[in-house]
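Both complexes shown next keep subunit A, but they swap its partner, so subunit B is in the first and subunit C is in the second.
And now, the complex of A and B:
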C-alpha cells in the first residue's frame, strides 16, 4: 500500500513540523540544556568535590570536559528526561482530544493504527532529540570550560579522543533507547483520557514509582521487569572492553514495553468513540 | 455489541501471551539437557588434568554464604577511621568483602597474560598480568599498584609466582584443580551430565566426603565437556540449603582476547605505587585469606601451622603467638565469637575457628566438638 504509506509519511512530516514549531518543545530542550551548563559552571567556580562524593564522574569533570556530557546525562536520567517525555507523550492523543482536533485528524485518510504509529514516531524523535540536546550541550560546554583530554575508563584504560566521543554517543544511545518504553506507556495512557495534564502527571509518577520499586530489595523479583531497571546501566559502557549486557538487556526490555503498550494503545484507540 | 471491538484487542493479548511464553520458555530451554558421551569419574578427572585452554574471555559470579552477620559499610569505615585497631579494620574489611555475590570479568591469554575485573556497581578493580608486569587499579581511589615479577619466575608457574601458585585469581579452574587433586582418596566421586551456568555442556563431578566428621556436605565441579576446563565449583555445607561457596563462569568463550587488554598503562593523574614482591599489593591480604576460607580441606601449603588429621577432617593448629594470634584481642572478633569451654569459637557453615584461652588458633572444616578434641589432645601431649 504505497499510497497509505505516503499519506502516513506526509502526516508524520506535518506532526514533526508541529512538534518542532511549538514553543513548549524548545522550552523543554532549553531546560535540558541548562543541566550540563549549570553543572559545568558550578564545577568551574568551585574547587570541586572530594573524590568519591557526588554523582559518579563529577570529580573527573574539572580535569576533563569529556565527562561533563556523561554527568549531565546521569543527572537527568532519573527525573528531567522522563518529565519531558511525559509532557510530549501525554499530550500526543489526549491533547488532540481535549482540543477537539482528534476528530479532524481521523478524517485524514490514515487508519487509526497509522495515526498511532505516527504519534509514536514523533515521541521517538523527541526522545532522540532531547538526549542529543543534552549530550551535545554537555560536550560543547565541557570543551569550552575545561578543555578535553583522553577519557579514563572505569577499568583504568585511557581512550583516545575519538573513542571517548564514540563512548559518549553510545551512552546517549542507551539513554535514548531507555526512554522508548516510557514513551509507549505514555502513548497508551494518552489514549485513555481527554485531560492531557492528568496523563502527563500519571506518566511522570509512573517513572518515579518504577525507580522507587527498583530500589527496594524486597521487590527484587520484580526488578528485571521494570522499565527503569537499566536506566543508569550505561556505566557499563565505560568499561574496557565494553560490557554490553545492560545495553542489550535494556534494548530487549524496552522493545517488550513498546510492543505491549503499543498493542494496548491500539486496542484502546481503535475501539475508542471519538466524539469531540 | 458486535464482536468487532474485541478483535482490536487481539494484538494486545497476543503480544502479552507471546512475551509470557518466551519468558517461561527461556528458562525451560536453559535447563534442557543435552546428550553427552558417557564418561566415568576417572575420565572426567583426567580431562581436567589434561585440559589446555590457552585463552578465554569469561564472566565470573562468586557467591559466599557464610552466615556471618552482615556488617554495614560504615562499620568498616569507622574501624578504619579510628585507627586504633588495625586488626579490627582488616577483619571488618574482609568480612564485608567476602560474603555476598561478586561479579568479575576474566580474560586470559596463555598462563602469563590475564586480567581480572571485579565489577561493583559503578566501581571496578582491575588486576592485570602481562608476562612479568603486574598491575592493580582501583577506579574509586584512582590508584594503581605496580610490581614486577622476579626474572625466571614468570612463565614457569612456580609457587613464587603469586598469580599462579596461590592463585590471586580464584577462578573455578584453580580451585577445581586443588579440590579434584586428591579427591578420590577421601570422597565418593560421581559424575552427571548437565549444563554449566554459562550454558555450555558440562559434566558435573560430585564429591561426597566419606566421613561425617566434616562440615562439607558435598562439592560439585562443572567440567566443560568440550575443553575439560572447570567452569564452576560449588561447596555445600551440612545443614544449609544455599551453597556456602560458589564460583562459576556465567559466560565463557574460548579463544584469545584482544592483546591490548593486557597492555596496561595507568591513567594520567592516578596515584601509582611501586611494590616489591612477594608483598603483592592489596591482594596479598584479602585474596589469600579468602582462599584459605574457601579452599576446603585439600589445600596445599599451611606454612606456619601443624596439621592434624587429613582429607575433609583436617584441622590446622597455629601455636600461640603466631600470626593470627593477635586476632584474639580484636573486639570485633569477640562480638562474633561464641564462648565455649577453653576458648571461643568463630563458627561459619564451612569453617570453624577455635581461639583457645592459651592463645592457640585451631581451624578446620569440622564440627566444633572435633576442634575441642584436637585442642584437648594438644595440651595433653605438651
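And now, the complex of A and C:
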C-alpha cells in the first residue's frame, strides 16, 4: 500500500519542511557552525603557521586540521548543543499549545500518539542535522586553515585520512545519539506546559545540572544513570583499536531515556485537556 | 423538539454532559440535540460554557461526566474516524505566523491522514476563494488582520469534504461586511446539506440564518429547539389602559392571567400557553363593564427571550 504509507509520512514530511524553513533553525545552525570557525581562527592567529604538536587537542589542531571537527564537538557538547536541542524540543508541543495551533492539529485530526511520534522524529532529525553542521563545518574549516595529514592518535598509532574522517563520523554519531535522551525529556516537559520559553529553560537547566551532578564524586552511585554520563566519552573512539564501550553504553542509556520519557509524554498527553 | 427535522439520528447528541475545572463547574448536565441539516445557533453570554462544550464535542477536552455522540459515534473515542468529516473553528483562529495562509491550510490538511494529497492544492485554493482570501493567500499570516485570520480559520474548516461545521464565534473581529458574508456563507453551506453548529453571544448574529437554537446560561442549557419553538414558549404581555384597574384585574385573573396594576391606570399581565386569544380578553373586559381606553399585546422578541433565559446582565459568574 504505497499510498497509505505516503499519507502516513505526509505529516512528518510537512513538519520537517517546517523545521527547515524556519529562520530560527538556521540561526541555531549558524551559531553552531560559528564554534569551529572561531576556534580555528583563534588557533590560527595565536600559533601562526603549523608548529610541533603537543598532547592537547588544541595543539593538535594547529598541526592537523582533521582535529578541528573533534575539538568543535568537544567544546559544544556541554552547553551549545543541548541549548539548541532545548529550543527545538521545548517548542515541540508547548509551542503549538501557546500558539493555539495544537487544537487545530488535533481536530484535523492527528492522533495524539502520532503527533508525539512526529514531533520526536523532528527532534531526532534536528539533533542529527545540528551535529552534522558542527562536524561538517569543523572538517571544512580545518581543511582550509590548517590542511590535513594522517592523524597521530593518543596511542601513537597513525590513521590514514579516510580512516580519520571515518572516526569523525563515528564521534558525530556518538554525539547525536547522546542528545536523544535529552530530546525525549524535552518532549515530555513540553507536554506539561503552554509556555515554550519556560520549557526550553527547564531543559537547558536539566542538561547542565546533570553534568554538574556527574562531576561530583559524592554522587558516583548516580552517575551511570545520568543521561549526560557519556556525553564526552567519545575520546575512546579515537583509540586504536576503537574502544566501543562508551558508545554502546551511551546508546543503551539513551534508548532507556527515550522509552521512559516517551512513555511519560504519552501518558501525560494522551488524555490531557487541550484548553489553549 | 426537532421541529422541521424529526430525525432519529442527530448529528450531535450529548447526554448529561458536564465539565468541571477544579471547583468551577463550566458545563452542567447539558442534553444537546442537533438534527441533521440544521443551522444551529449555540447562544449564551460570555463564560456560559459554549467553548468548553465545543472543546468536549471535538475531543479536545474530556467530559467530567456524560456522553457525546458526534455523527453517530461516541466522542472522544471515535475522534480519528469522525473528525475528518467535521470542520472546526474553536475559540478563534490560530496559525503559524511566519507561514502563508495557504501554507498553513496545506499543513493542517497534511496532518489529516485521511485527506487526499492529490486534491490538496485544489481544495485549499477553493476554500481560500470561498472566504475571499485568494489574493492574500501568499501573504504570511503575521501580516493578516484579525478579520483575515478569522476568514482563514473558516477556510480551514472548509478545506475538506465535511458533514458538520462547528464554528465558535465565527464573526468575532469581522467588519459588518465580513459578518454579512459569513452569514451568507453559512446559509449557502446549509443549503448544500451541511449541518452547521455556530456559537455566538450575539443573538442578532445568528437569528437570521439559524433554523434551531440553544441557549446556555451559567453552564446550563436553558432552552433549545427551532426558532419558532423558542419564540412560542416565550411569555408575552397584555397591557390594558383603563381607569377601572381593579375591575380589569378581576377579569384578567378570572381568565387565568396574573394581573399587575401599576396604579397609574394601566394593568399588565404576562401571558402563558393557556391564555385566551386577545380578542376574547377584550370582549370579556367589555362585557364585564370595564372601560377600556387602550389594549395591546406585547409579543416577546427572541432577543427578549434570550435576555429572560440568560438573566442578561454583564456580571459574569
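We adopt the following convention: the second predicted complex is superposed on the first by the 258 of 276 C-alpha atoms of A that agree within 3 Å, B and C clash if a C-alpha of one lies under 4 Å from a C-alpha of the other, contacts with A are read in each partner's own complex, and residues count from 1 in each chain.
The rule is short, and it goes like this: a residue touches a chain if its C-beta (ideal position, glycine included) is under 8 Å from a C-beta of that chain, and two chains touch if they have at least 3 such contacts.
What you see is a predicted model; the values in this text were computed from it and never measured.
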item: Partners on subunit A (subunit B, subunit C) - clash or fit; value: fit
item: Touched partner set for A:256, first subunit B, second subunit C, both or neither; value: first
item: First (subunit B), second (subunit C), both or neither touched by A:239; value: first
item: Partner chain in contact with A:158 - subunit B first, subunit C second, else both or neither; value: first
item: Spatial angle subunit C-subunit A-subunit B, Cα centroids [nearest 10 degrees]; value: 140
item: Which of subunit B and subunit C A:267 touches, first, second, both or neither; value: first
item: Subunit B versus subunit C as contact partner of A:45, first or second or both or neither; value: neither
item: Distance of closest approach, subunit C and subunit B, by C-alpha atoms in Å; value: 6
item: Contact residues of subunit A, present in both the subunit B and the subunit C interface; value: 271
item: Residue ranges of subunit A in contact with subunit B within the complex; value: 51-52, 56, 63, 149, 152, 154-158, 235, 239-241, 243, 256, 259-260, 263-264, 266-267, 270-271
item: Subunit A contact footprint on subunit B (complex, rising order); value: 5, 8-12, 14-16, 19, 105, 117, 119, 121-124, 126, 135, 137, 139-142, 144, 257-258, 261, 264-270
item: Subunit A - residues contacting subunit C, complex; value: 6-8, 10-11, 13-14, 18, 22-23, 99-101, 103-111, 114, 271, 273-275
item: In the complex, subunit C residues that touch subunit A; value: 55, 58-62, 79-80, 83-84, 86, 88, 90-99, 106-115, 117, 156
